[in-house]
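What follows is a pair of complexes built around chain A, which joins chain B in one and chain C in the other.
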Partner chain A sequence: MFKQMLAVQWRFSRKTIAAVSVLIAILPALTMRLSAVSTVNYTPRGLVQQSIALGLVLGMFAVLTGLFIYESTWRNDTSGKNVYLLSLPITWRQFMLNRLCGALLLLLLPALCLWIGGVIGTAFVPLPPTLHVYALGVAFRFFLASSLTYCLWSALVQFSGQKATLVFLVVLLLAIIVPVIIAITGVALPLETIFRWIADPPSPVSVFFSRWAIIDV
Partner chain B sequence: MFDRNRFAGFFLAAIFAGATWLPAQNRTADSTLGQRWVAAELRLARLKAEAAHRDSIVNSNTPPQEIVEDVITIHYDSSVIGRATVAVLRRAARTAASEIRKVQGDGAVRTIGSIQFAALPVPNAGKIGRLVRLRPIVSRVGLNEIVAPTSGFGSLFRQYFLDMAAAQATGLADPSLASWVTPVIPLAKKSQEDWTEVAGWVLGAQSETVKRCINGSALSCGTVLGLEATDDKLAAFYGPRDYPSLVEAFGVQKNDPDSVATIVNRCIRTADDATCGQIIRRIRVGDPLPGQSRLSLVEIALERGGVGAADRYLAGTGTIRERLAAASGVPTDTLLLIWRDRVLASRPTHKIAGIALAGFGWSLLLLFASLRRPKCG
Partner chain C sequence: MSDAIHIRNLGYRAGKEFAIRDLAMTVPTGSVYGFLGPNGSGKTTTIRLMLGMLPKLDGEVTVLGHSMPEGAHHALAKIGFVPERLHLYQTLTVEESIAYHASFYKNWDAAEAERLRREFALRAENTVGRLSKGEAGKLMMLLALAARPDLLVLDEPTDGLDPVVRRDVLGALVEFVERKGTTVFISSHLVHEQERICDWVGVMDGGRLVAELPMHAFRAGIKRLRVNGAAPVIDGMPFVVLSRDLVVGHEEQWVVRGWQPEMAQWFQRGGAELRGVMDLDLEESFVELLRSSRSPMPEGN
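Right after this comes the complex of A and B.
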């Protein structure tokens, strides 16, 4: 059953996956090639800065990849209001698990391409001994970020409707009320601690705040 | 049906009623000027009173209230500075004082004496945007002021206390020390992030001498940290491999002839030693590391030295090398290698295990959240 479902998912999303994979595979090489116009860019600090900038772009691509793959694999089912899926001779839970596992497998492909692209793209850069290539680490982050986006989007869609609206309204209300209360009462917020809490594991967004530099010290 | 006379009556009544709202025209230009004069005088008197009030807080020997936290004293007037503001200031002063103690130990009072501030309200700041102005009373550290909202800015005040204490210590220190590093003493211990930043400076520097330092040469570490006298920075810090990027960073200046521009471009393009050598001497090169990296060496020295290290460092009369050796209790070359090891150990951690756990954990959680069966249709 899993194989068949994966085949269906692949058929609907292969164009998206191919496009994203090719794009992110050539991005590291392209960035390094564009950097080569300047010797300042090829200093250790310059290379790290270029890699951090590339990391920001890759982070955005990871989010978009998660969303695109969700959209391409679910488009036909949601337009048919899931009638076909609910008529299948398996439970919904089994179906969802199969589909999510399939999606995670599909998301591995762009990450794999990024790893290979990162290794090839940085192979021709004259690296000083103080710098190292972290292509595998960045590819792993890419996979994590895209999977997380996929799962988050999947959960949001399942919760859509009144509950999602309620959650959104509560968050919005808190976002308005809390700053006003803080301003009136003069409570000192430990901003640094709050930032660390958001940026460090086990925060769900810690993967986005981690170092995405393909070349780093 | 339509009564024209009644309509006209209503219309006129409305005009008269509206006319009562129009501004009166009987005021002369003279009386307006007189009123403005009186208002200006009142405003001037109010501003004078406010200034006198603030000066009385600053200059008074027996101020109305004070916060004393170790080496930090803040004078304030409880009638104008609210309890919430006082609480923020107290907390910031306490944290700053404890951080100063952590670095300087019992020598903190001997090193910086005490730093005194007057906390003044900023007029017309409003209730929600309460502001407070901190003004150092001791003139030796200058008259820098800080104006900040009281809510959520305790860390800003803490940093300000630390900076002023650093300035105070620098003012008391030997000028030769202050010319090597300013402030002369780190007032707070560096966090892991701060050390990671230092590692970024060192490992990212384009300098042959820094590379030799990383490879274990204490002499090179001393050179890049300014412990050796260097008249020729280019020869001391940089090698031919560094020239193209130095030349490119300096660029072609406005008054340079075309021939210079040609050589600059050739140097950047070919990275040829001979070509770059022709042009490199006209460049005024800087240090490969920021001045703050020297402060990290002082921090290591104070850490190693323990009790009284700050005193020995500040009170010494020899060279910087000798002062650091006296403060740390180990030879400076050993200290430099300890510094190098600390820098190399502070490379950014990629926290891959934590991120992987968090990422997969949250993905699983969201996955279970999305297992709910949708309604058909």
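Right after this comes the complex of A and C.
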């Protein structure tokens, strides 16, 4: 059953996966090549900055890949109001779990391509002794970020209208009402501490905020 | 053996407009149950509630011994379902759809699936989204039958199909039922189609089940009578008057349910004359039943 579900997921999302995989495999090599020909950036500092900039692009790609994989797979069910899914002899939980496992396997592919692309791309750049290549680490981050996006988006989309409204109201409360109250009352909230709590390890969300540099010190 | 489907006091509400209230239904094991009703009467909603696809408000639903929706995945393993509209993944080919569907069923009969695919002339490499309505109907029927189900639930399986395809689909269904003795629950508004294959009939209207009885009783029990000189209000009638229309002079046309030939004497005792008893076909019976359920005759008539 899982094999068939995976085959169907692959069928639905193969074009997206192929496009993303090729693109992120080429990106590091392309960026490093541009660095190598540029005299301005071909310094240790320049290389790291270039690498961090590339990391931002990769991070965005990771988020978009997670979203695309979800949408390309589930769109086929939601367009039919989930009638097919619900008529199959499998619990919703089992189905979701199978879909998640399938998605994680599929998300490994672009991460693998990123790793290979990173290794090959940096191989042509003669690195100063203070710098190192972190292609595997970035590829792993890409996998974690895209997987986490898939999971978060799944959870959000599976919410009922009521729950989605509740989440929206909470976000609205945090984004608008709290700053207004702070402005009126003058209470100093440790906003930076709260942000660090969300963005720093061991929070899973930290994967989006950490450095994604393929070349770093 | 217990009933294949057993529903008691089923309640459901969809917005302010539509509700199913206190629905009770029994589908005997081995029967071919025709579920009749006009469009929008609640047939598809009832089926979805029955299969655990919608959360019921209250009541009990038991399908093949499994309480729904809790035991839905156990029950669905023994159910072949053909929904009202094509529900399969549009981008898969016929072959991929069959392989995908098969992976969920332990009793899947691959040889039967291949036989039906050839019989229905479905090309394995065609994508589902490009199938004609007839081909899509055949594919859904194939998937339902090849799972070798104990219960077939068919929601308007032939709606919109041309007569040739309809004959193919119903032919495969009848052959399967004869071979396996499967219980069939078939919803439709095509009354004459049900008449040919069903041995039980349930009639749904406005979210209520207005009648449930064996087909022979349904066919035999509803008659059109020509009555002359009947009093406007009569008490103690041994049958149910569904409608009563003046034809000419004192002659009236009655449509009655629960008619037996010996009841003719009742008219003589009441001073009226029974001039004729006519059979109604299933469609006329169905229409009269709906008419009477929507505007019931006052008491004593």
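To be clear about the criterion, the second predicted complex is superposed on the first by the 211 of 217 C-alpha atoms of A that agree within 3 Å, B and C clash if a C-alpha of one lies under 4 Å from a C-alpha of the other, contacts with A are read in each partner's own complex, and residues count from 1 in each chain.
Criterion: a residue touches a chain if its C-beta (ideal position, glycine included) is under 8 Å from a C-beta of that chain, and two chains touch if they have at least 3 such contacts.
Computed from a predicted model, the values in this text were never measured in an experiment.
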Touching partner for A:216 - first (chain B), second (chain C), both, neither: first
Quick one: classify A:96 as touching chain B (first), chain C (second), both or neither. first
Partner chain(s) touched by A:158 [first = chain B, second = chain C, both, neither]: first
With the two complexes superposed on chain A, say which partner A:76 touches: chain B (first), chain C (second), both, or neither. second
Using the superposition on chain A described above, determine whether A:124 touches chain B (first), chain C (second), both, or neither. neither
Under the stated touch criterion, which partner chain does A:4 make contact with: chain B (first), chain C (second), both, or neither? second
Give one of first, second, both or neither to describe whether A:141 is in contact with chain B, with chain C, with both, or with none. first
Determine, under the contact definition given at the top, whether A:207 touches first (chain B), second (chain C), both, or neither. first
Is A:86 contacted by the first partner chain B, the second partner chain C, both or neither? both
Looking at chain A, does chain C or chain B touch more of its residues? B
Those residues of chain A which chain B touches in one complex and chain C touches in the other: 83, 86
As the complex stands, chain A meets chain C at residues 1, 3-5, 7-8, 11-12, 76, 79-80, 83-84, 86-91, 94
For the complex, which residues does chain B have touching chain A? 82, 84-85, 87-88, 91, 127-130, 150-155, 199-200, 203-206, 211, 214, 244-245, 247-249, 268, 271, 347-348, 350-352, 354-363, 366-367, 369-374, 376-377
Residues of chain C touching chain A in the complex: 51-53, 72-77, 79, 81, 83, 85-92, 96, 99-105
Can you list the chain A residues touching chain B in their complex? 38-40, 42-46, 48, 81-83, 86, 92-93, 96-97, 100, 128-131, 134, 137, 140-141, 144-145, 147-148, 151-152, 154-155, 157-159, 182-192, 200-204, 206-207, 210-211, 216-217
